[in-house]
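Dropping a structure here in structure tokens format, bear with me for questions.
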Amino acid sequence: MRVAYVVPGPMSKGPMGRSEMERREALLQGWAFAGTQVAVVDVPNGPASIESAYEEQLSIPPTLDRLRQCESEGVDAAIIGCFGDPGLEAARELVDMPVIGPCEASALLAASLGHRFTILTIYDSMAASQEYLVHRIGVRDKLASVRATDIAVLDLMKSPDRTLARVLEVGDAAIREDRADALVFGCMTMSFLGLADTVSQRLGVPAINAGRAALKAAEAIVAQGLSHSKRAYPRPPKLTTGIGKVEDLALA
Amino acid sequence: MRVAYVVPGPMSKGPMGRSEMERREALLQGWAFAGTQVAVVDVPNGPASIESAYEEQLSIPPTLDRLRQCESEGVDAAIIGCFGDPGLEAARELVDMPVIGPCEASALLAASLGHRFTILTIYDSMAASQEYLVHRIGVRDKLASVRATDIAVLDLMKSPDRTLARVLEVGDAAIREDRADALVFGCMTMSFLGLADTVSQRLGVPAINAGRAALKAAEAIVAQGLSHSKRAYPRPPKLTTGIGKVEDLALA
Amino acid sequence: MRVAYVVPGPMSKGPMGRSEMERREALLQGWAFAGTQVAVVDVPNGPASIESAYEEQLSIPPTLDRLRQCESEGVDAAIIGCFGDPGLEAARELVDMPVIGPCEASALLAASLGHRFTILTIYDSMAASQEYLVHRIGVRDKLASVRATDIAVLDLMKSPDRTLARVLEVGDAAIREDRADALVFGCMTMSFLGLADTVSQRLGVPAINAGRAALKAAEAIVAQGLSHSKRAYPRPPKLTTGIGKVEDLALA
Amino acid sequence: MRVAYVVPGPMSKGPMGRSEMERREALLQGWAFAGTQVAVVDVPNGPASIESAYEEQLSIPPTLDRLRQCESEGVDAAIIGCFGDPGLEAARELVDMPVIGPCEASALLAASLGHRFTILTIYDSMAASQEYLVHRIGVRDKLASVRATDIAVLDLMKSPDRTLARVLEVGDAAIREDRADALVFGCMTMSFLGLADTVSQRLGVPAINAGRAALKAAEAIVAQGLSHSKRAYPRPPKLTTGIGKVEDLALA
Amino acid sequence: MRVAYVVPGPMSKGPMGRSEMERREALLQGWAFAGTQVAVVDVPNGPASIESAYEEQLSIPPTLDRLRQCESEGVDAAIIGCFGDPGLEAARELVDMPVIGPCEASALLAASLGHRFTILTIYDSMAASQEYLVHRIGVRDKLASVRATDIAVLDLMKSPDRTLARVLEVGDAAIREDRADALVFGCMTMSFLGLADTVSQRLGVPAINAGRAALKAAEAIVAQGLSHSKRAYPRPPKLTTGIGKVEDLALA
Amino acid sequence: MRVAYVVPGPMSKGPMGRSEMERREALLQGWAFAGTQVAVVDVPNGPASIESAYEEQLSIPPTLDRLRQCESEGVDAAIIGCFGDPGLEAARELVDMPVIGPCEASALLAASLGHRFTILTIYDSMAASQEYLVHRIGVRDKLASVRATDIAVLDLMKSPDRTLARVLEVGDAAIREDRADALVFGCMTMSFLGLADTVSQRLGVPAINAGRAALKAAEAIVAQGLSHSKRAYPRPPKLTTGIGKVEDLALA
């Protein structure tokens, strides 16, 4: 099967560049089951990174275009490469293939591995949004806390040691103070740093890499011959009643 | 005070046209307290109407631009003229003036007038989204049901009698079967048809016009010298740390 | 429109006296929209202040009499001047005009301004009651905490500086420890001390004056031609089936 | 032990009269454990019956007086003889002996006998209040429904056969349509009609007599040497700080 | 009435021995109402004590056998003598007499005595299970916390003074930090140490002995002529359709 | 990887026999990713089938033994082959490999495919247990309903056409009346009938085969190098403190 991992921003043009996309593609390919082919693609006209609701909104329309393009090219499932799962509902309305949100995939996985999980996020200001998102996913009662590492997305890779130290510190506090028994990396850049095994071993609880969890969810759904419910995510009425093409829904 | 009612689509260029915008402006002005000046503006590059998550997402980036423009022109508060409250969180991050969502304003009002309210929406497919939205607003326990009228947004005005008959039928079922004791018009076009008084009298429960409720919420917040919490809706970090202008968050 | 603010106790005969009622009336009048006329009235045979469920119960029957009297005199809406919203359901059964509870009005306003609000109350012993009340209002999920200032109602005005210092201290703890992003003054005497603007500025979150919020809610509901749902708050059956006058419901 | 069952209205002066009080006392005495002595007392200046929030409020202040009198006379526990548990919190603030609410006692009992219980109430208009009460009691998730029999309190005894037929009809609907597996008589007059055994046998689910359940709760708490938590229901501060007697809290 | 207290393990063969069973029987008999006869029996092939889900599961099948035996011997109600209420649902399917779980009985009692209760348990690792159990009982919203004493079950009796000191320390923390206003001993061995009165007096909140609460619940249910709902806990279908005896359900 | 599917009863000795085990093994093997080797094993001393809490409890101790045996033989993950997930917590305490419950795996999958799912179960009497289980799994808010097919487990295979017709009828009612947008087969025998694709196509919503979903969950967790949190499911204390072997926890 073919799985596209869609970065909802212009990674190839940004400071991390094309090589970072290739690095992530190689990691995902390494995590895949035999027979799965992963491609990482980006969204040139999205925002540089997503650290606010505003940037999330900016990323969505061009990402939706990219997802439709993936489907038309024969991709079997797509992952939206941002932990906020931006545009997930709209994407599922537009395409028939499974579209996976990393937050949804890792929150559901975390719910199955323990009683209470903590999401390690970037800034405290993102906590309320992630709590709403976890409610929407359905496992709010299992969320122990959302805790911030306070390292900007674009800085996470600059000093991996500092990032690891901070993740260990915040994760340990979540375990001791919030009774967390599983941890989720609440940022894709954090997920692709290769910290999960070390964090699991040091802290003694499962540490979930949201990118890897999303890939496994995509493979599992495709392998079962399933996709998202079209009753839950129906095609926009204007498209089904023949008013026009997708493009006609926007009048610009 | 000056209040802008921002239609998140190209109403002036659509079938309802500029005259409908003027009609709505006159209605809003008639509902306003003395001293309030209301302007209805539209978003030329938004979608024709919003009947899906996809169209909602398409409407948000240009609506956010329009809201910033309103603030820079000295508007004191803005209403996002769609019952799905599209882009509310992002808007509150970007501007300091109060930004009101009609669903939020009318759901909170309904919660104060009875024990259980029903939202009259367009299609059944919107029920789940509106339930999530009402959860996010905070009054999910007071929502008796979301019931569809099954009349497309652009058809609501074509046959007001049929619309009224259908609203009465669905509202009555909500009262009898779902124990609703208040009704909310879950669509702005429905709200501007002038049905509220008739529905209230015929069915014996408050029928809330979401446009009027939003205006009153805007006036009440401005009059108290309040606005949305910047701790809840902080300015995007990149804008505060001086990386650049709003425009720089998107790289297209 | 005419709005009555009904103090559910004998303020005119108490230590604060008639002048305090006039001071509050002037403040409310200053907060009102043009065209609103506010009168502050008291309930001579209520308790001196309300710091327990017992005193709340003592206040209700005479306050209900006062509210019916207000309606018969042509008042358009009434505010029950106690943050516990004593007798709100019964009042809504008895009269047709809107009756506003300050806790309800300010909790719903707070829910619209942020994600999580804290109520600043008098004593810790009131926390559970206020949590139940906020559940009944419908926004329990948005309540970050109820925190006590530990200054008796009748002492709040004696040392405004001490009251302000304590409010700032407790509010700051709510923001830091409970993740509150809005504050509500959970006592009317606290609300009429004029602290809201200072607290908002110093702490960087909206501070809601419950008296002002209640007035705005009353004005908004009357201006929309609405009142409470008679299906939610029906007239007592004995009164509708002609058994007698209101007075006959009690046999003393 | 001595248990007082306090009817919060003037039963001895009403249509049911002193003989009905004696009849209820004999029933309660028959249900009591050996060593328990039950007395039924009434509240002469309460309302004739309680079918609205208004009547409930009217009943509370004189009932609180009666409860304090009971305690001063050496009673070990008191039951408030109305299914709405009127004044329960205030009563627990004022006295040290256990005060039992029949709704609380029977809802907690019902929760222990099955998964979902239905309360059979008088009028549909009482459903919301009873739902709030059951939330406050703590077992809202176990409440299948509140269903009305639509027979006025004062008519329940006039035609016991009609009452039984209606209870069976409504109870059966609750079992079939709401998945109830236990029933609670949501009215004391209904509880004292002796229907519980017949209803249990005919419908095959436990039917809980709220008066009997309240008596058993009172006996169980006294026998364990327990009473209500004074930390949950503290004495009103003015009474503890020596401002005066209970009477001084009201200034009439 | 005859009440059996069934220890789900081989107490008579363990370190506490037959004398401890007799001591517990004497305590229970002392707590009983006149006319109640209590017998303590054990389950020879259960686990030594229950400190994990695994041991809980091991205890259930032989305990179910013991409960059926009790019923066949004419017992009127049985208590499962472990705070985890092991096998409660299955037991209620198999027998018609009331079967009481100490956690259920004491949690419901605690809910009636205050707003928020804390369970004092053995190990932190049991907290999640007890939270699920309290949810199942129906009063999760009233559970302030589960706090561990960290003294192994079999050590609790070795140093009663140390146990008391630890219970007071942990209970005090629950009151101050978790706002608990009632305490429940979450272990039967802890309950039978005679600490409840001392803890209540020292900490000023009700301390509930789970064994005594379970006995009172059993007596109350039997005295009301009630038992568990057979609609909630139906007889296993194979037993009702005549496939065979209870023994035939297992094929070993 | 090696995955064991453990039937918690004596299937090889029952009416379906060894050939049914081989049939299921072949199906599972066909659903597996390349590199996965599935073995179906049974539990000779478990109950014939599980249609009550009693039979569930009987199945658990011997199933736990079988699971430990699987781990000692080098199995990488095990599935408990009953939709009630019997003994899941205890199993996770005893072994380090992932143990998967089909209800957990399919409920979490269903939550990711739509907004509301319905479980198709055997008897109405199982609804409450499955609701509790779905709460424990964490997605209770996404459960639209549990609906019974009323065909005994051992009869499901006798008339596949009748089973299909009944599943379509009940599933359709769930979609129309309960607003379900995904279906879960709440019984393993139902899952292995090969109905999922037909049901999905006919009803237009995803129909989830619990056996296949469990296999995919097992493969995904093993492939990520994860297992259940030992902080959530700690090893029984007696085993870690060296009191003895697993066998010593039971004294028979």
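Per-chain residue numbering starts at 1, and chain names A, B, C, D, E and F are given in the order in which the chains are listed.
Everything below uses one rule, namely that contacts are C-beta pairs under 8 Å (C-beta built on N, C-alpha and C of every residue); 3 or more make two chains touch, one makes a residue touch a chain.
Worth saying up front: this structure is predicted, and the values here are computed from it rather than measured.
> Average the CA atoms of each chain to get its centre, and name the chain whose centre is farthest from that of chain C.
Computed centres place F farthest from chain C.
> Measuring centre to centre, with centres taken as mean CA positions, what chain is farthest from chain A?
With centres defined by C-alpha atoms, farthest from chain A sits D.
> Just how far, in Å, is the C-alpha centre of chain F from the one of chain D?
45
> Can you compute the centre-to-centre distance for chain A and chain F, using the mean CA position of each chain? Integer Å is fine.
Going by mean C-alpha positions, chain A sits 28 Å from chain F.
> If you average the CA atoms of chain A and of chain D, how far apart do the two points sit, in angstrom?
Averaging C-alpha atoms per chain gives centres 53 Å apart.
> Can you list the chain B residues in contact with two or more other chains?
Correct list: 115-116, 128, 135, 232-233.
> Strictly by the criterion at the top, what is the full list of touching chain pairs?
Pairs of chains that touch one another: A-B, A-C, A-E, A-F, B-C, B-D, B-F, C-D, C-E, D-E, D-F, E-F.
> Provide the residue numbers of chain D that touch chain B in the complex, in ascending order.
Touch residues, chain D against chain B: 127-128.
> Per the contact definition, I'd like the list of chain F residues that touch chain B in the complex.
Chain F reaches chain B through residues 115-116, 179.
> Once bound in the complex, which stretches of chain E touch chain F?
Going by the criterion above, the answer is residues 9-10, 13-14, 44-48, 51-58, 60-62, 64, 87, 89-90, 93-94, 123, 125, 128-129, 132, 135-136, 152, 231-238, 248-252.
> What residues of chain A sit close enough to touch chain F in their complex?
Where chain A meets chain F, its residues are 31, 33-35, 104-105, 108-109, 111-116, 135, 137-142, 175, 181-182, 197, 200, 204-206, 208-209, 212-213, 216-217, 219-221, 223-233.
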